[in-house]
C-alpha cells in the first residue's frame, strides 16, 4: 500500500498551534525546566507498544521540531505501514527539554491517528477480494477532520465527503422537505456545478429506482439488512454506485461486502477507534 | 452528582471555529441549500441511541446558534446526567437549513464528550466505596483538552494536570537526568512557586521513601502490581497521596482501588473511549 | 433567476475582519470623529450609478452592522437582481459616524462582487438558448474565492472547482509527467474517493478519445478554435461533458457556445471584471 | 523608476494564509498527488503573456516557498519594471507537486497586482511633463489594500490615504453635518495631532477660498470640469495642493493634468484594472 | 475637556481576547465555580482608590459583558474625567461568577490606561498657558499602542506617530546614512505621498536651518538644554513646528514649555506611568 | 541567580505579532525605506542607560530576527543579570532597514520587562536574610502576563497564580457568598483535583484558625498591620504558608518580611514598575 499524501499544512497547522498552546500553557514545561539542565541532550525512540498501522509519524516530527529546530527526527517506518508490537517508529535526538516538552502532544497525535489507521486496515482486510471499498464519514473529531481522513487513507480506506460543500448527500430529512427523492435529487443536480456528485440516502429498497431515475451518482442504503443489500445490487445492475451504511461492525462487514455493494461507510473508524499505544523511550 | 462548570469559551471557541470551518468549507451546505427552501422551518429532538452519561449538550446548542441566532435549543437533561437509550436530550427548532448544516458538528462534539463521560462514570462506579478517585491524564485529543477534561468531570472523575505548566510531575526520564528522585523533587520544589504541587513517578517500591522524604505531594506508582500497591499504601502511612497508573482496565480498576490508593489515573478515558451514539431526529 | 445562497460566514468572516482592520487602522475614522458629533444620526441610500447585476448586498449590511449594531439596513433588491442606473439598492440609517466609517469597505465589497455578477450575466445571456453553461475558474482574487464564486452564481453562472481539493483537473503539465492522458486519468480515478469527479485538459483533438476511454467525466478543450470545438462535440457524442476554455471573449462566447459544448469557463469574470459603480448617498 | 519597497509581511501575511487555505482546502492538490510522484522535480518560467508593468513578483516567490522550502525562485525582473509580451519574469525549480500546488495562488497575486501597476503606469505616462502626480484611492479590494497600494507605487503612482486613520479627508457629508467647510476643517485641525494633514473635498469652486482660509493642506476638487480646474489652479495660487478626482478616464487624464493640478486620484486603478496575463510554463 | 473617541474594536479586540484567555486559562475561574452557586447574582461598584483621570472605562464594561451578556454596566463618569479618591466610576450587576471572573482583566486595563491619562493630565496642566502641546511617543507597551494613545488623549495630550508608517521621522541614524539632514529630508519628501508629514530630529542647533531649508514640517530638538530651546524658537521664527524631546520630567516640563516650543513629547507617559489604583467593591 | 526559563513561544508569539503589526502598519517603516538604501548594513549595541536587572533580551533578538533573518544578535549578558549604567547588553548587525524597523518594538519589550525585573530585585534584596519570598500578582498588563511573570523571575521573585485556573484563591467576596471561610475552603477542596492548592484571603486575624482548620494550604493576610503579621505567624505555628499582601512599599517591605511571613505579594511590580531605559546605539 503506497503512502498517502499528508494534507496541506494549512489544514492542520492551526490545530497544532492549539494543541501545543493547551499543553504548554503560560509557563511551559515547568518540570523539565526545574529538573533538567538547559544544555542536556537526549535521544530516544518512538515505539509502538502494540501492533498496528501507523499514521501521523511526520506530524509527530513536526511537533517536536516546532518546539525546537535542533531536534533531529528520523522516521524508521512510513505512514501506512503495519508494524508489530515494540516496533521502533522513529529515532529522535536533541535538547532534552524540547523532547520532554513535545513528547505528549506528538504521541497523542500519533496514537490517535494510528488508532484510526489500524481500525481501518482491519476492515479493509476483512473485505479483501470483494468489490467493496471501505470509506469514512463526517463523524470525525471536531477540528481534526483533515487529519483523521488522512489516517483512514493510511489504513487503506477511501474518503467520503470532506465536508458539506464538496458533494451532495441527500438524506431522509431533505427528502421529507423536498417532497420526494426524485425532486430532491433533481434540484441538487440542477443547482450545482458539473463537478459535484450527487448521492442520495434511501431507507427502503423501493426508493432505489426513483433515486436512479433522478440521476443520483451514488445511492446510500441506510441500515439495510444484508439480504436487502443483495437485492439492491441486483436491482441496480451497475447503474449507480451503492453504499452500505449504518451499524456495520467488524463482525458484519464481510457479509455486507459480499453482497456486492461498492462502498461501505463506517463512522466508528473516526469517532470510536481506540488509540494505538505509542511511547517515547529515552535511551 | 452536580453539573460541572463548562470551561471558559476562550478555551474552546477557536476549536469550534475550526470545526465549523472544516465542515462548511468554502460553499457551505450545498445539499440543503439546493434542496430545502430558505424559509422552511424544522424542529426535532437530539436523542441518545444508547444509554450513557451526557457531556457537551450546551456546546451542541452553541454550535447550532452560532450558525443561526434564530435556532431555539432547549436542553432536556443536564451535562453529567445519566440517560437511558432513546432518551431525548434536547429539542431544537429553527430554520431547517441551519439545523441541517450544524447537525453534524454539534453531534460529533456531543457524542465524543459523552463517550468520555460515560466511560469515566463506569470507572467511578466501579470504585465506589473505596477511597480512590478516578482521574484523567494528558493523553487527550490534540486541541480538545479543556473539553475532554470537562467530560471527565461530567463523568464524575477529577482532573489531573491540565498541562505541563500547572503542576510538577517528575517522571523516570527526569529522574535519570537529575541523578536521583530526591534531587529531582528538591530542585522542582525549590524552583517553583508556592501554589505548585509536586508529584513524582516511581517504578519500584523502594523509591517510595526517597520520594516522600524529598517532599513530594503525590507519588505516582507506575505499573505497580496490585500487591505492590497494597504495600505502598502501607509504607506511605498517609504521608503522601498515592496515584496508581498504567494499564488499568475496567476489569482491574476495582482491585486497584481496594488497595487503598488515593487516585487512579486512566489514559483511555480520553484517548480511546468510544463515542456515545447521539442523533438529531427531525419531527 | 433565484437568489443564490451566501457562502458560510466561516468562509468570509476572516477576510471581512482584515478589510475592516486595514481601513480603520489604529485610530479609526479620525475625520468623522473630529467633525461629526457622537450622537448625530444619518440616513441614506446605497445606489448603483450604472446598470448591473447585484451581488454582496447582504454583506454590505453586515459590514455596517459589524461596526455598529444600531445601524438599520434595509435591502431594496436581492442579490442576483439586475438593476438600472440610479437604482436604490438599500436604505441605511443609524449613527452617522458608523455609516461614514463603514461606507468604503461596504461599497468596495459590493462594487467588486457586483462587477463580477454583471460581467457573468452578460456572458450568460450571450449564450442563451444554447446548451452551454458559463462557469468560473480558480483565477480569483487571493482571499476572496468563496465570495467571487458566489458573485458568479449571482450572475447566473455556475462554479467550477472551488480549490485544488474538490475535483481532479489533469492539466498538460500533469500529463507530461504521468506519461500520457490515459495513465494520468486512471491514476486519479484509482487514487481518489467515489465522489470526486475527474476532468482532463487536452490541447489537441486527437487526445479526446484517449481521455474518454480513460474515464474522464469532463474534458477541457484548451484554446480550441471554434471549428475544432464543433468537431469535438461530434466526436464525443455525449459520452463526456465538454468544456471550452482559453481566450474566450464577449465577442466570441456566442460562437463558442453554438458549437454545442456543455461548459464555457472564463477567467476574466473573476480576475478582470470592472467594479460596478455603487455609492452611498446620504439624505 | 526605482523599485518601491514591499509592505511589511505583517500587512499581507494573513491574507496569504487565507489565499493558500482557500485553494488547498482540506485535502490539498489531489490531482498532483494522484498523478505526480512525490520525488519528481520540475522547473519552469513565469512569463508575461502580454506587455505590462510587474508588481508582486517577490510575493509569488513567497507563495511557492511557503508551500515548500526547497523551491528555488530566481526573479529575472524587478517589481516596477515594464516588460514586453512573453518576457520571462522568473525561473522556478523544485518538487513538481509544490510548484503545481502553488502556481495558481502565486499567479493570481502576480497578475492582479501587475494589472494595477500596468494601469497606473499608463496614467503616469499620460501626464508626463505636467506637474500632476497620479494617486490611488481607498477603493481597493477588501483585504488587499497594502498590496494594491504597493502595486500603484510599482506603476509609478503615489499613495493617497492608506485608511481612515492616517489623514483627514473632509467630504461633503461631513461638511453638511458640520455646518460648513470652514468649521469642519477647523474642527479637524484642532482635534488632531501635528503630523496629520487635512484635506477637504469641495464640489463648487466658490468653496475653494473658504477651504484655504480654514487651513486645509489639500483641496479635492470633486468632479470639476476641466475648465473649472484651470480656474481653481489660478485662484489657489499655490497656497494649497489641489487634487482632481471623479470620473477621470485615460482619455481625459492628460487634459486634467494640464490644468496644473498637483494630484489626480483615480479609483479604477485599484478596483477595475484588468489582471495582467501571467503564466507558469513548465520546461 | 471633551471625551476622546475610542479606537476601533479592530485595534484592541485581539488584545482583549489574549488578555481573557491568559487569565481564564483552560479551566476558568475555578475558585468561583467551586465556591459560588451558578445562579447567585451580585452587584458592586468600580471605584478609584486614588484621585486621577479615567481612561478605559467602556473597555472594562466590554470585558465583563464579553464573559457574560447578562452583566449590566453603568458608567458613572466618562473617560477623560478627573475623579477624586474613592469616586465611584461605574456600577455593575449580574451573575456573581461572571463579575468575579472578569474583575481582574477589567481592572488591569482600566488601571493601566487611567494611570497614563493621569500622568498625561499632570503634564498638560503643568504647561497650561504656554503654546506647548504634550504629545506621546512610540515607547508604548507592546500590543497596547492604540489603547495607550487613547489614554494619552483622555489625559488631554495629543498623539505623535501611531507607527512607523503614518509619518516620517528622520533620526540621527538616518541622517548618518543619508549623508546629511538636507538630503535625508528631501529623499523622504520626494518618495512619499502628499499626506505624509516629515519631521526631522536634530541634536545641535546649527542643524536647524538646514532642516527648515530642506522642507521639514516639524523639527525635533533632541535633548536640547532649555536655553537652546529658546534660541531654536527664535531662529525658527514660526517656519516649522518645534518639538522638544528627551529627558523631560515633571520638574522641567514647565520650563521647557515656556521656551515657546510647539510640542513636548514624553516617553514615560506610556512606558512608566504607574497604574491608577482601581477596585471593584461588591455590595 | 540562575537565568529563568523563557515561557513557551505559544504564550507570547501572538502578542509579538500584534506588536509588530501595530508599529509597522500598512506601509512599514516609510522613513527608513525612503532614506536608507536597501543594501546598507549597520551594526550597533543595545545598551542600558541606567543600572538595572535585565529581562527579555532574547525576545528583543527574536523581534529583530522576525523582521529579517539576516540580523545577527549577540547577547552580552543574560536575563536576570544586574548591569550598571551604560552596560552593553547585546551587539546587533544586519540590514540597516531591519534594525531601524525593529528597534522600537524590541526596546519597548526589553525596557518594560527589565523595569519589572529591576523593581523585583530591589524587593528581593530588601528582604534578604528573612524567610520571605517576593511574589507577583495577577495585576499584570493585559496580554503580557506570561512575559511579566517571567520578568519577575528574572528579578529573583517567584510567581503567584498565572491565572484563575491554576490554583484556588478564596477572597472575601467568595467568603461572603459561601457563608464563611470554612465552608468556602471546604467546597474548593472537595470540588477540585489533587494538584490544586487552596489559598484563602483573610482580613482579620480571628479568621486565621478557621482557615487553617478548613485545610487551606496558604493564608493571605490582606492589609494586615505589621504587628498583626507577627501575631499571625505566631498563631499559625507553621501549619500553613502565610502571605502578606496589600499596600506593601519599598519602605515597608523589610519590616513586613521580618514578621516571619513566608510570602510577600506586590502588585506594583507588574502594574507600575517604570521601564528601564534601554537604547540601540548604532556604530
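Letters A, B, C, D, E and F mark the chains in the order given here, with residues in each chain numbered from 1 onward.
Going forward, a contact is a pair of C-beta atoms (placed from the backbone, for glycine too) under 8 Å apart; a residue touches a chain by one contact, two chains touch by 3 or more.
Bear in mind that the values here come from a model prediction, so they are computed numbers and not experimental data.
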Set of chains whose contacts include both chain D and chain C: A, B, E, F
Proportion of interface numbers common to chain E and chain F (over half same, under half different): same
Chain pair repeating B-F, as identified from A-E, C-D or A-C when over half of the contact pairs by residue number coincide: A-C
Distance between chain centroids, defined by C-alpha means - chain B, chain E (Å): 44
Separation of mean Cα positions, chain B and chain A [Å, integer]: 22
Mean-CA-position distance for chain F and chain C (Å): 52
Residue numbers of chain F (touch at least two other chains): 11, 22, 24-29, 33, 101, 145-146, 159, 162-163, 165-166, 192, 196
Overall pattern in which the protein chains touch one another (line/ring/star/complete/other): complete
Chain B contact footprint on chain A (complex, rising order): 11, 14-16, 18-19, 22-37, 40, 42, 96, 100-101, 104-105, 107-109, 111-112, 115, 138-146, 162-166, 168-171, 173-174, 176-178, 184, 187-188, 190-192, 196, 268, 271-272, 274-275, 282
Residues on chain C engaged by chain F in the complex (per definition of touch): 22, 25-26
Partner chain D, residues of chain F touching it in the complex: 17, 20-21, 24-29, 33, 38, 67, 101
Chain A residues within the chain D interface of the complex: 5-8, 10-11, 145-146, 149, 159, 162-163, 166
Residue ranges of chain E touching chain D (in the complex, touch as defined): 133, 135, 158-162, 165-167, 192-197, 199, 217-218, 241, 243, 262-263
